[in-house]
Structures are given as structure tokens and as C-alpha cells.
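Should a chain be cited, it is by its letter among A, B, C and D, assigned in written order, with residues numbered from 1 in that chain.
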Amino acid sequence: MRSLEIKNSTSSDEIKALRLITALKTPYLPDGRFDLEAYDALMNMQIINGAEAVIVGGTTGEGHLMSWDEHIMLIGHTVNCFGGSIKVIGNTGSNSTREAIHASEQGFAIGMHAALHINPYYGKTSLEGLVAHLEAVLSMGPSIIYNVPSRTGQDIPPSVIQQLAQHANMAGVKECVGNKRVKEYTDQDIVVWSGNDDECHDSRWGFGATGVISVTSNLVPGLMHELMFGGSNTKLNSKLLPLIDWLFREPNPIGINTALAQLGVVRPVFRLPYVPLSLARRIEFVNIVKEIGREHFVGNKDVQVLDDDDFILVGRY
Amino acid sequence: MRSLEIKNSTSSDEIKALRLITALKTPYLPDGRFDLEAYDALMNMQIINGAEAVIVGGTTGEGHLMSWDEHIMLIGHTVNCFGGSIKVIGNTGSNSTREAIHASEQGFAIGMHAALHINPYYGKTSLEGLVAHLEAVLSMGPSIIYNVPSRTGQDIPPSVIQQLAQHANMAGVKECVGNKRVKEYTDQDIVVWSGNDDECHDSRWGFGATGVISVTSNLVPGLMHELMFGGSNTKLNSKLLPLIDWLFREPNPIGINTALAQLGVVRPVFRLPYVPLSLARRIEFVNIVKEIGREHFVGNKDVQVLDDDDFILVGRY
Amino acid sequence: MRSLEIKNSTSSDEIKALRLITALKTPYLPDGRFDLEAYDALMNMQIINGAEAVIVGGTTGEGHLMSWDEHIMLIGHTVNCFGGSIKVIGNTGSNSTREAIHASEQGFAIGMHAALHINPYYGKTSLEGLVAHLEAVLSMGPSIIYNVPSRTGQDIPPSVIQQLAQHANMAGVKECVGNKRVKEYTDQDIVVWSGNDDECHDSRWGFGATGVISVTSNLVPGLMHELMFGGSNTKLNSKLLPLIDWLFREPNPIGINTALAQLGVVRPVFRLPYVPLSLARRIEFVNIVKEIGREHFVGNKDVQVLDDDDFILVGRY
Amino acid sequence: MRSLEIKNSTSSDEIKALRLITALKTPYLPDGRFDLEAYDALMNMQIINGAEAVIVGGTTGEGHLMSWDEHIMLIGHTVNCFGGSIKVIGNTGSNSTREAIHASEQGFAIGMHAALHINPYYGKTSLEGLVAHLEAVLSMGPSIIYNVPSRTGQDIPPSVIQQLAQHANMAGVKECVGNKRVKEYTDQDIVVWSGNDDECHDSRWGFGATGVISVTSNLVPGLMHELMFGGSNTKLNSKLLPLIDWLFREPNPIGINTALAQLGVVRPVFRLPYVPLSLARRIEFVNIVKEIGREHFVGNKDVQVLDDDDFILVGRY
């Protein structure tokens, strides 16, 4: 199914150079379908404020709540409308090798610049199985491996990453295990993006990380850009930590979904099993926005505290 | 699900101006998946030889043998790689309104320039149902209505076309019923493309048709371009008729599939229920190519007579 | 994928003996999903009144408006709840050989007693392709071939049926071309069911047909049972003809959908592209019911004329 | 979509009484499709040896490597062929509420006796979200909640189970956290099945568990039946522990897949990302079988050490 004609065919080196990658939120219409107008607006906010790439349908973008045809369509839409201005990284990983192969083949065929691959969460497998899984997809194009044991139930050990790092398409690792692990990789010239917004400043400036794959940059892309490009800046980092702390009080993307709705840039629609943060937390967010400054956040409406009744939760869509 | 950001957003007027639209063949790998390298080569041959648009996954392209995710992916691939050089018209029609809505929404979201819509074949419906079906999709973007009673079992009568022609997105009709019907529409300034290669010269130069949606142009795009752009040319038309006659001895795309395989531009792989033309017909084709001139046909290998054993027929893919 | 354990594994001979087969209507909830309570009630009416088999997801049951997982689920549901009382024939045919293979394999795996197979409508193919298509599925279990050129655009000629009739799983033909064709087959001991309610009395008693695959029996299963079992009965046939004529004024299942809604046995919900018959026709139906006798029709509510506003048309479901 | 006709409609109380539930292995053909003949043989071995229920498409049965239509078909097949002899529990849970709703609706419609529901693994959610997720499916029929934090990354706390236990359809918990947690539930009359074969003897006889949902019973159903029905039997438990220990050296179902292939009851076909245990481990298994006694294991071929080349690994199927 390979094509020789993929427009803007991307090398691993281009991916390795990215510092600010946003794990983009997917906004919904009241019936649960994608709200592409809101999505496009979010994309433009990212581009204007300096994000260099987006993850489409990551855990933040709720790829696990999409059918594959929705997911691939969203990648294709993003490539078609924004692929000239920003790198598009499709989360075409899966705990099923069949699905990862199929989705990655389709994603590269429609022009995504790189794939994000997860180890087989929930089903899990042996290290030999993990390597077989990742080797089945690495040949297709530039790929980032994502290690997040708190979600997958299984750490990807350095031995596996070192083995895969020989592959020309292996761009690097999105690592959530901590800065000791980050340093272990960067000491060996393996590219790392921090997967933890609260650690990413130190990862970048103290442990050799190339950048961050960020949730927080959905909200304050300009500040996250400053954090990744402007040199060590503990003052800015400290200013952001209360926001980051607030975002991850419940499993992501519950916080970011609530926040973007209160900023008026997405409709307050949740696909189950996600539900909004409590009223108390929603009030906290408004205060955090005021503390940091509304002007640093996306959108230009007043931030507001939404009522419980403002939210729409959809189970069938 | 609407987006305001579709790149190269296309008006109905741009679609109305197209004269040579190729209903592109979809080539396969031996396991039945798409052969995108061959597909890209076919696309480049169309662009170089003057086709202005392609139908992706039409009856010629065997959209009815694709899963929808394959179909949408192929549209996205075509837009991404070739959308700047040629118009991409997705055959997102269906006899199921749900499927037509879903596929058209997805197709426009990933950048197709227009949709091709069929009336509900096989299941059929009343005229009121037909209008409801088409109105459910016309709002999404420029659309061509396809009338081919020999496949659908039901003629779309002029009364329906006239009613839909008021809609800003209705670009015109691909009409297979004959030149009397063509003239009925063109007299009312409704744009028509001939859906019959054997009639298209006369449709264009004698009955007011804008152009053709062609199968034959898969083989001889340059000659079909001449036929549609160069003024009335009965000599060229006569030269092409034996080829066209040969192509439609069995239901399309059996002939075109056989021909392209013998020209060496696609692998000799058929998705069932299609099977190659008989050896006798395959020999005829080689003679027709010599008669017209190999140089007018796509590809640059010698045309050859394939053996029965050269063909691969796939039922599971 | 074969199983040796299919409960009530059925021989072709058992299928060949069936006289009254109802092409069952699929009822819907207001959101377009299946209304299984109404479905079960319809099934019970069929069983009580003597139908010996049902077609699940035929053109009457709108299989072409189902996703395959809905379709297979409905077959499985019918087998599980009613398979001991009535034969369950799944319409697992398709114009795509891949889909026909997959659906038939699944249908037999979940216990359907026979498959209904159509020739490749819309896409069409050569006779060699048609034979290859049908041979790909015949090995799986008892099968009925369905010939309806007015829907498919292509007649299945006797030569093909005769060739396939050698296969042990070929149970017979649902033939819509007329009684001359019926006789041609029955003279050769090929089992035929009439696919035209208006001809079925004569097919059965004058041309050797085994029975009927009926739409009308959704409404008056007892009378259709009488027509197929009680010996030639031109008086009953004449009594039914106005009803049958009414049912097929617009493409089936528009009439039957409208009728069952007015009898109060299904909700007045239509999946597009089907829309109800006009008010004038709906009034006619009430008169026809009175003429034949309400007691012969399914359900026990008063028949009523529904208003336009009573109907719900769904395009997304 | 509810039906009133589900055959053998099952109460929660019937589910609560089950002591030996096998999480059945799904066997494959060399092309990766289901091997239903082998599956049926495994089912019969379970029935003959006293298993009272099976989980279809659990993590052991690799439901996460199935498309939903495969999964639902397998549930329907099991109900149709074996539903009179054994309870069929479909693993229709998902980390996507939409998928859990759709699959559970379909599973109950085709006759499964109960559903197994997981909390949203990988994507995770808040406790409020978890409750909303489970409440969306509990109304459909008897349900077992599955808690396995080592796979899901998130413990289901007792507070949530206690809240859901009020629901009439909540049959109980498959608990993997340990016997302290088991006792916490059984002290409150909440039914628990051990999800850990190595602990299940003690769970059953020391901590009030009703029984086990077992992987090991795929191999030695008769011994597991004795362990759950025959009273406390530490000798038998000790005899089994080396086998259980062997089975879980790598993430399940790697061990069970390898074991069943070596016992000759399934083909040595693995869907990736699973790969067989190493040769050293495969030799160990043969010794364990000899130690326990071949006659206690399913199948009647000699147990053998398979070579690496005997195994088929499939990524596309």
C-alpha cells in the first residue's frame, strides 16, 4: 500500500527537531460528532502561538473514543487544512497489532508526518511481543514511541528503546517515567519529549530533552513555547505549575476538557466516560486564569464558571 | 461537523467547468489491498495528459468493493498528493442515506472538491424518497448527480433533476440515458457530463454537454482530452469506437481492469466478483492497441496478452 | 471458521420444503435503532399464523440500510429467540464478494438455517464473475439464489442457475421474472419460490413453484398460508390482489412500512431513503383493510390513517 | 432495542451461583480467523469437565484483538451451540462507553446470559465518570464488574462497587487485587470471583469468594472444578501452583496460548502482539504436564515441545 507521492514527505530528523508538540483536544457537537469549526479554530491558535506539531487523537484528543474511520478522517482533515503550517502526528498506535498496522498505513497514506505508537496497554505482552508489535509498524514512517506505564500497566524498558533506536524511522520517545529515565536516553543521543507538563521545563533544560508533548499548551501555547524555546525560566515554570497541577487532578483529559469549555473555545460536550470537573474545581480554574492572565490563554471570550446543566454528556454518538 | 478551513475550497462553478473527468481505476496488490504506488502512477498519467478531475471509488474504481474507511482514505490520499493539480471528486453516494451522509461529510472534511451521488440503487425508493435522499447530502458541497438506470434499476426523471438544480451545490448530471436527455438538460442550462464514452463526442459537440466522465480516458487520456477540447472530430471518435466497444463487452470495469493489466501499469489482480476478460478478448485488445498506436496509451511497457494463470482473483482482502 | 456444532444444522432438503417464507419488516425506534420488542411481536405473529421461515434483512427488511454488525446481530437474535419454531434465512448476499463471504460465514456460525444470495447488483459482473461470486459462498450452507433484474439491472440466466443447481447447498431460486421462467426451472426439478406476491398463487398451483417469499404475509400471514397450502383458490387470490397492488405502487418496502405503521404494530419510523406513502394512499389502505377484514391482518388495534406529522424520518442512526 | 423474547433469560441470581467460570481461549486458523472447530472442541471439554460458564472474548480470549463484529459473532455462536449447557458471559466491556453500550446491547440481544464490564483502562476517568460509564450498561442485563489495576492502571475502589451493588443487574465482582479486598466485599454479601488462579483456592475457602474466573481451567477444567467444589484442598492447590506459576510468567494469554498449542488442541497460531513462550519455557511445560498427569489436561494427543518454526504469528487478519 506504499505510496511514493506523499506530499511533504517527512524525515525522522524533521520530527526529532520539534520542541513544542500539542496533544490537541478534539471538540464535539452536541450530538457527539466532531465540531470541526471549533477544531480548526484550536488548530489556528496553536499555529499562531508557535506550536510546531500536534498529536491528533492522542489520549488527550480521545482517540480511544473514536471509531478508526473518524480517527483517520480527522488526521486527513488536519493534514489537508494545516499540514503546510504544522507537523501532523497521528496517534495510530493500538494495543492490537492489526489495528496499529491498518491505522498507520492509512495515516501515512493520507499524509500524516509521523505516527505515535503505544505499547499494548491492557492486553499487555512480553518484551519479545512488544518488539514484534513495534517492528510491524516502524517501517511505515517516522514514529514516536510513547511510554506511560500509569496508563498501560507496563513500562517500556530502556533495553527495548535502545534496540528500536537503531531503526531509521524511530524519531524518539515520549517519556512519562521521569527525568532520570529522560537523562538515560539523552545521554545516548535518543531524542526524548517529556510527557509530563510539570516536569518538562527541567527535562528540557536540565536533562537533555528535546521538548514536550503537552496538554497544557492547548490552553497557553505561547507560554509553553516560551518555556521550551526561551532558555531555563524557573519563574515562568513556577507560574504555570498551579495550572498544570489543576489540570491533572483527575485523569487527563477531564481537566483540559473542562478548561477549554470555560474559556468558550469548545462546546461543553463530553463523550463518556469523561465527565466535567466539579463546580469547586471549575471555580478554581477561573481564579487560575486570572492569576496567570486571561491574555495568555486561547480564545477571547471571558472565562466563565459553567453550571452542571451547561454540560452535555453523550454515550451514543 | 462543518469546517471553514478546507484548503482549496471549491465552488460549483469550478466543477461545472470541467470537461475531462476520469473515473479512475483502483489498482490492487496481490493480497487485495490498494497498490498506492500504481495508483499514484495512474494519477500522474492523468494529470500529464490533461484530465482535469478524477472520480475516486466510482463504479469503475470499484467503490462498491471497498469498506468505507478504505474509500475515505483513498480520497484523502488523492487530495493530499494530487489535490493541487487536479480536482478530486469522491464517489460518496450510496443507496443508504446514512452511508451517503457519513461518507460525504467525511469526504468534504478531508478536502475532496466535489461528491458524486447516485440514486438509491437496488433498494430503490419513491421520487419523494429520492429527493429526500439527495437533499440530505447536497448542503455539504458541490455535487454531481449520477443517473445510470441500467445499474440502478430506476431512472432519475428530469422533474427531479430540475427540482434539485435550484440548489447552489448541484453542479450537474452524469447522464447515461442518451443524448436526447442530455439535450433536454442543456437546453435548460443544466450542466451535463456524458456517462457513455461511445456517445460523449456527440454529447459534447452536438447536444451541449460540458464534457465526459470517462472510463476510456484511463487508457488514452490524451486522445480523450483531444476529443473534449479540440472541437468536433468524427475521425478521432471513429478511431476510438472499437476500443470503447471492446471495453464495454462485459460490465465495466472488467474491460478496463483487463486492459490496464495488459498495458503493464497495474498488477493483474481482481477483486471478486470481477474476473478478467477471456483470452480471445485479451488478444483483441492487443490488436486494438496496435491499431490506435501504443504511444497513445498509458505506460511504456509493451502491451502483452496475459495468460489465465497470470491473474490473481481475491475474495477475502 | 467452520463449526461442527451448529445447533439444528439444516439440510437443503428442509429448506426446499418451505412453502411460506416471509420477508420480514425490520421495525425501528425513533432514533433509528432496531425496535426489538416490535420485531419479536412481528415474529410471533408469523409463527402463530403459519409462516415456516423468515428472511432477515432482505430488501423488505432493509438489510441494505443496516451496517453488517446490525445485520448479523439481528440474524443471531432471531435464531436465538425463534430458531426452534421457524427457519431463519439470513440475507447475507452482497454485490461485494468479500462482504457476502464474511456475512455468510458469520451468519452460519451464529446458526442461521440458510442464506439468501443476490447477484452483484449495481456493480454487475460477467457470467463467469457471477458464478465465481456464488461459488465463493455456496459451500457454507443451504442457499437460495435471488433473481430480481428490476433491482439488480442484470438477469441471472437459466444457464447459471442450472450450473449451480448441481451444488448440494443450492436449495432453489427466488424468481421474480415471471411464471414462464418459473416453469422452466420446475420442469427441471429446480425448486422455485415466487418473488412476486401478485403471481404467487399461479406460480404455486399452475407452474410448479414450491411456495412464495412474500411481503404481503407481513400483513396477512394466515391468508397467505391458506393461499400456499389450501389448494388453488382464485377467489382468495382475487380478494388479495387489491392489497398486493396497493403494496407495490411504490418500491417495496414503502407500502409495507406504511401499512404496518397504520396497523399499529410498528412505530411510524422510516430510515431514509424511504418515506411514507401519501395521505391519499394511506386512506386507501384503511379501506382495503376493511374490505378484506381487519381480523385477517396482524395486530389488534384499530387501523388508522396516520398524519404526515406522525412519521419520523431518520438519516443518521 | 430491548427484546422480551431472549431465550433462557437469565437472572442475576443464576450468575451469582456460578463457581467455575473459564475465561476461554480463542483459537485461530493460520490466516488469523477464528478456528470454530477447535473452539467448539474446547467448549465441549469445558462442559464435560464441569465448567458452569465461559467468558467469551475476555483478555484471555483476546477480545481486544477482535473487531466488534467478530466478537459479537463469537458470542452468538457460543449461545447458539452451547447456551443450553453452559452460561455464556460476553466480555462486552470497553474503555469507550459508546462501544460498551453498543456491544452489550448486541450481546444481550443475541442471548448472552451476562456481561463482563471493565473500568475504562488506558483512557481512565474520574470516579464520577466510572460510575456514569457502568450505569450506562448495567440496565441491560446481569453484569460482572472486572477489577484488574495491573492492566487498567486504575483500581475500582470499594466505594464504587458498593454503590453499584444496589443495582439488580450487578451480579458481582471479578477481583484481582487480593484476598483482603475479597473479604471486604464478601463480608457485605457482594459476590466475588477470584481473578487470580494462584489465590482462588484461598479466596473460595478462606475469604468467602463464590468461585473463580479462571485461565488455568482451560487446561485442567476437572481439577479446577474439584478445587472450587470439593472443599478446601491445599494438596491439590499445591499441586497446581507450579502450573499456575508457569502460566503467568509472561502476561496472560501468552502462557495459555503456548500450552494449548503444545497439548495439540489448538493450532499454534498467535495474533500479534502475542508471541509464544521461549523454548526453555516450552520444555518446562511438558515436564509440568507429566508431573500433574497428562490425563488431567484437555485433549488426548501427546504433549509436545513445539519448535519456533511451528508457530505462525499473524499481524493482518
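Simple rule for what comes next: a contact is a pair of C-beta atoms (placed from the backbone, for glycine too) under 8 Å apart; a residue touches a chain by one contact, two chains touch by 3 or more.
Since this is a predicted model, take the numbers as computed values, not measurements.
Student: Which neighbours do chain A and chain D have in common?
Tutor: Looking at chain D and chain A together, no chain touches each of them.
Student: Most remote chain relative to chain D, going by C-alpha centroids?
Tutor: Taking each chain's C-alpha mean as its centre, the farthest from chain D is B.
Student: Any idea if chain C and chain D meet via the same residues, over half in common, or different ones?
Tutor: Over half of the interface numbering overlaps between copies: same.
Student: Just curious, how far off is chain C from chain B if you go by their C-alpha centres, in Å?
Tutor: Averaging C-alpha atoms per chain gives centres 34 Å apart.
Student: Could you work out how far the Cα centre of chain B sits from that of chain D, in whole Å?
Tutor: 50
Student: Return the distance between the CA-based centres of chain A and chain B, expressed in whole Å.
Tutor: 39
Student: Tell me, which residues of chain B touch at least two other chains?
Tutor: Answer for chain B, listing residues that touch two or more other chains: 316.
Student: Identify every two-chain combination in which the chains touch.
Tutor: Chain pairs that touch: A-B, A-D, B-C, C-D.
Student: Which part of chain A faces chain B closely enough to touch in the complex?
Tutor: Those in contact with chain B are residues 1-7, 29, 33-37, 39-40, 43-44, 68-69, 72-73, 76-77, 79-83, 106, 109-111.
Student: Sort out for me which residues of chain B touch chain C in the complex.
Tutor: Spelled out, the residues of chain B in touch with chain C are 59, 62, 64-65, 95-98, 101-102, 120-126, 128-130, 132-133, 136, 149-154, 250-251, 254, 271-275, 277, 313, 315-317.
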